[in-house]
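Provided herewith is a single structure, encoded as structure tokens, for subsequent inquiry.
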Amino acid sequence: MIKIALLGAGRMGSLHGRNAAASARLHLAWVVDPQADAAARLAAETGARVATLEAVLADPEVKGVMVASSTDAHLADTLTCLRAGKAVFCEKPLSLWAEELETAGAELTAPGLPPLLVAFNRRFDPHIAALARGLAEGRIGKLESLHIVNHDPATPSLDFIPRSGGLFRDFTIHDFDLVAWLLGEEIEEVFAFSSCLIDPAIAELGDTDTAKTILRGASGTLCVISNSRRSGYGYDQRLEAFGSKGALRIENLRDDAVSYWGEDGPHGSPFPYAFPDRYGDAYRAELDHFADVIEGKSSPRAGFAESLGAIRLANAAQLSVQAGAPVRRNAEGKFDV
Amino acid sequence: MIKIALLGAGRMGSLHGRNAAASARLHLAWVVDPQADAAARLAAETGARVATLEAVLADPEVKGVMVASSTDAHLADTLTCLRAGKAVFCEKPLSLWAEELETAGAELTAPGLPPLLVAFNRRFDPHIAALARGLAEGRIGKLESLHIVNHDPATPSLDFIPRSGGLFRDFTIHDFDLVAWLLGEEIEEVFAFSSCLIDPAIAELGDTDTAKTILRGASGTLCVISNSRRSGYGYDQRLEAFGSKGALRIENLRDDAVSYWGEDGPHGSPFPYAFPDRYGDAYRAELDHFADVIEGKSSPRAGFAESLGAIRLANAAQLSVQAGAPVRRNAEGKFDV
Amino acid sequence: MIKIALLGAGRMGSLHGRNAAASARLHLAWVVDPQADAAARLAAETGARVATLEAVLADPEVKGVMVASSTDAHLADTLTCLRAGKAVFCEKPLSLWAEELETAGAELTAPGLPPLLVAFNRRFDPHIAALARGLAEGRIGKLESLHIVNHDPATPSLDFIPRSGGLFRDFTIHDFDLVAWLLGEEIEEVFAFSSCLIDPAIAELGDTDTAKTILRGASGTLCVISNSRRSGYGYDQRLEAFGSKGALRIENLRDDAVSYWGEDGPHGSPFPYAFPDRYGDAYRAELDHFADVIEGKSSPRAGFAESLGAIRLANAAQLSVQAGAPVRRNAEGKFDV
Amino acid sequence: MIKIALLGAGRMGSLHGRNAAASARLHLAWVVDPQADAAARLAAETGARVATLEAVLADPEVKGVMVASSTDAHLADTLTCLRAGKAVFCEKPLSLWAEELETAGAELTAPGLPPLLVAFNRRFDPHIAALARGLAEGRIGKLESLHIVNHDPATPSLDFIPRSGGLFRDFTIHDFDLVAWLLGEEIEEVFAFSSCLIDPAIAELGDTDTAKTILRGASGTLCVISNSRRSGYGYDQRLEAFGSKGALRIENLRDDAVSYWGEDGPHGSPFPYAFPDRYGDAYRAELDHFADVIEGKSSPRAGFAESLGAIRLANAAQLSVQAGAPVRRNAEGKFDV
């Protein structure tokens, strides 16, 4: 068993901590969180013990650290752990701010550092992986366009909005990373419309809740991303890839394979309501990949470069909305009007 | 346009009459019904005129007659029209009673008679026809078994039960004809369980409302028929064919291709509720086939032999229930214990 | 029967002509086409007779004319027929050019003219109509966004491209009309990306084959239209409406309800390959609506205003592509950068 | 962690052993198998050690034993372990022979014995469990009939046939247990037709490969079971329950949620091919239930009584085939002609 530690006993930290405890390959030894109660509760639940970050980094048997601290601490915590020689599994995003990432870039890409895995969960979903295999095998010929629907079941707490980084950096970032992964070429242009249709309080906080973004790839490929903070029917997570010889698509999962036929027609079981349900397998696969990375069997599927790429696309969409114009990639890889 | 007449302005007569009126090939000239009101109403609706049977048969321009009189008059009316030289489209069944059919057999199969089409609607359904084509093309290799679900949306009026001929002769007869058509070999053994689960009044009238029938074909092929007089969710009309290399199946149609996703999950539009909705295309195709038959372009897809075959299977199932035993086909083609 | 005439015996004229011949309400008496062969063939097939336009207009019994001449003659032919007192069913578009429509607007909207129906087929599709009813009944609460997929099975002949008016005016126009109809509010902003991914010859002719268009309505509603000239799998015609309480969607139809299960998994029957298959019911319903319009039972569901609205949206998308910028509706109802 | 041992390192033993090794609640300490290689291989893979049964039973820390020895040793091994005070998880069937079970019945149902869980996997499948919940909640009113399709992907090795107990005892037994569980009333009558359609060598060994069984419950409820040893398209595992107010059904799962649209129409990803794929979740849930049983949190969901009930139904079907007649339950709970 590979001994690991966890930084952060909040929502995502608890999810990863429980998965680590149930893993046959990883031994979650330590939980670190400034909130002593949260740390103690999660440690009790997972059979781990509470520790300070210093103690964890000083433990030579600890091979990896899962960073699930607050978003604005991700990058600093990651750097601290990497410098201490620990492999890092960092909950996404590594940072919400491209400038921070650019500043840290030289260090993060220097040779000799332990591996860094940034946990973009879509990359580990078995359904998306199956679609990606289909693309790679040429089932639909040359890929021409991608459609992504990513609608949350219900709006987050209003408290969260100001520290979220905004719809594009917080939420669409998953889709930007998907596009970058699946499209296989650079995005050259981005345009977005966004509206606040669900809750005017979100607009008062300077954010939006509904957006449609279109992106053009280097060879003219076209991608559409639809985002909404509230679907009314669960977590809408769909993907369609159109190519020269056909299409591959992922429909929403259902809670089970039962359907009910009644007076008003056929009903399927509901869609998974929220991300821990929809992406449960992906979260477990991420951890298994982290075990592979620590053991040197794989290199991380996503790390610094993917984090910077996704944030730059989020910035591009944000800038497009502000400028009311499409933005284009410049020679440095950033987007401007 | 081919000039035709209609006997019977009841439920099925009206359905066929309206289809004839909308046909570009058939000209519905006459409607005959002892109930003067019904005849007048349907004639007005279809642009036809009311007549007596004698007048219709005396009209040399009338090439065909649709017999949709009361079930117990089907055979006699059919014979009268055939003897008068008119092609006949007879609503199923030609008769509920095998003995009647056997008695009439010599005349009905004599050379020189005009053609007789017995309107088993399943034989004209485009979905079942597509499945039958798949079987004929060998898509599933050698056919091994058939499963049929035939559940009505709601029980018929209790008045109808005593004159229906019983569940097997009235309702399952469609499925017996389907099996005979699709299986492509003689049925050698039949066993049925039936129960009265929906309405005890049906049992008091000596009938049942729920049945499961299994049939074995000459080469060992096996068929299952499920019948219920009430589904609670519309007209359940499904068919599965299993073969050596796969399966072909027909799912229920829906009223339209719209689905609704709400708080309690995904809903499809309802299934067609009743037979005129589900088999609307089949009823229109039947009439078109009748036009082909009159013009000598086709021979009838179902007639006397198919009617006798289906009624014998219905009798077999009925006898199996009464005897509490499987029944087997004898040298004369009838079934006994 | 309502006596009508048909101008144009080409692809669309033949389709409408055959439907008229099969209609129980309309009597297609005359076919007019400068190509004598085509007119004769279609007349023979439909039981109509060949005539000149003058003769048709002089026939006082002719109540309506179906205009299916070449696209660039639609408007002039329509005006000629209306001036002669005939109701007109004009195949879409009334004109590809907003200026032409604006010029003709005063006359076309003057009181006393016979009714003009412009045949936008989507408005008559039973599936889209069912979705529209669901919206009107408030099944999904307040409508927030629409997604339309409109992909042709295969590219048109290259000959057609130069006279098509371009992808947006020729093809996307259906989607613009759908958006205008279903959204229920004015479109204020339009942005489109287009690419030539399928056939470089289309680019050489100055057109594109793939486009993603986003539109913003007056209250912030957002619409996405995806267009491709070639799907590789048939005619992809899907629609999703997202609202405050759920979603309504239309999936692609299938040729029949049969599915096949084989070694490589489950297969459904193919999608309708082309527009006459997918919209067969809509074309028949259009004609029935024309009969209602002639009889004064309905006013036309789409006419001059809808034609101008759709063409202005097509122009907006075209201008957005040319300018590389979103375009906005001005006080006159036109769009500029 | 609960210390357990495994008897049998064959196909089912390996499956259960691997699941135990991956469990966070169970510690698989010992593997016992007369075939030393197989035991060693599985022990190495699961981190367990090889032992004799005597050593396992002598280990006071071992709380439970998983019996996955050869089928004909299940009952004796189970008794040996229970007598030694160990809870038992016995792979189905406890025995193929009703007489053996009846003989052991007094001992197996005596008070004071450790708990015995017989691993009928369907009882632990989340999809079937969801359907069972729906029945219990009255979603379809009073249950009237059940349809089960249980078709294997491909015939087993011919070596297996003679020791299988025959199609009904080996394969249909799952369905008999499902019916007993879901129907909630005693079965009073059973009739089966069986045929050898797939491989004549199976007939030469005295068995059949295709069967349709119908069962009648005490209140007249009707069940249909369809079995085939070879589907040609994967493991067909479907279930439909019809009630007074509607139906609940389970469709086949698919390997993933991806579909492919190509020239010949839409394709879904294949069905799980074999039982370890289709029932993977059920096998894991069984073990978790065993942990609950050992800890006294649950009583076994299936044990001796369920085993005897299912075998009696299998015998009933077998007898029905031999006698060519339906069989009925007598006062002792056995079935005769």
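Note that the chains are named A, B, C and D in the order they appear, and that numbering of residues resets to 1 at the start of each chain.
Definition applied: a contact is a pair of C-beta atoms (placed from the backbone, for glycine too) under 8 Å apart; a residue touches a chain by one contact, two chains touch by 3 or more.
Everything numeric in this text was worked out from a predicted model, so none of it was measured.
Asks: When contacts are scored as defined above, which chain pair ends up with more C-beta pairs, A-D or A-B?
Replies: A-D
Asks: Measuring between Cα centroids, what's the chain most distant from chain B?
Replies: When every chain centre is compared against chain B, the largest gap points to A.
Asks: Chain A to chain D: how many Å between their CA centres?
Replies: Inter-chain centre distance comes to 40 Å.
Asks: Suppose each chain is reduced to the average of its Cα coordinates; what separation in Å results between chain A and chain B?
Replies: 58
Asks: Multi-chain contacts only, two chains or more: what residues does chain A have there?
Replies: 140, 231-233, 236, 245-247, 252, 255, 261-263, 269
Asks: What residues of chain C sit close enough to touch chain B in their complex?
Replies: Per the touch definition, chain C meets chain B at residues 21-22, 24, 126-127, 130-131, 134, 139-140, 245-253, 255-263, 269.
Asks: Could you please specify the touching residues of chain B with respect to chain D in the complex?
Replies: Residues of chain B touching chain D: 140-142, 144-145, 147, 149, 151, 189, 191, 193, 195-198, 210-212, 214, 216, 219-222, 224, 226, 228, 230-233, 236, 242-247, 324-326.
Asks: What residues of chain A sit close enough to touch chain B in their complex?
Replies: Going through chain A, the ones touching chain B are 231-234, 236, 252, 254-255, 261-271.
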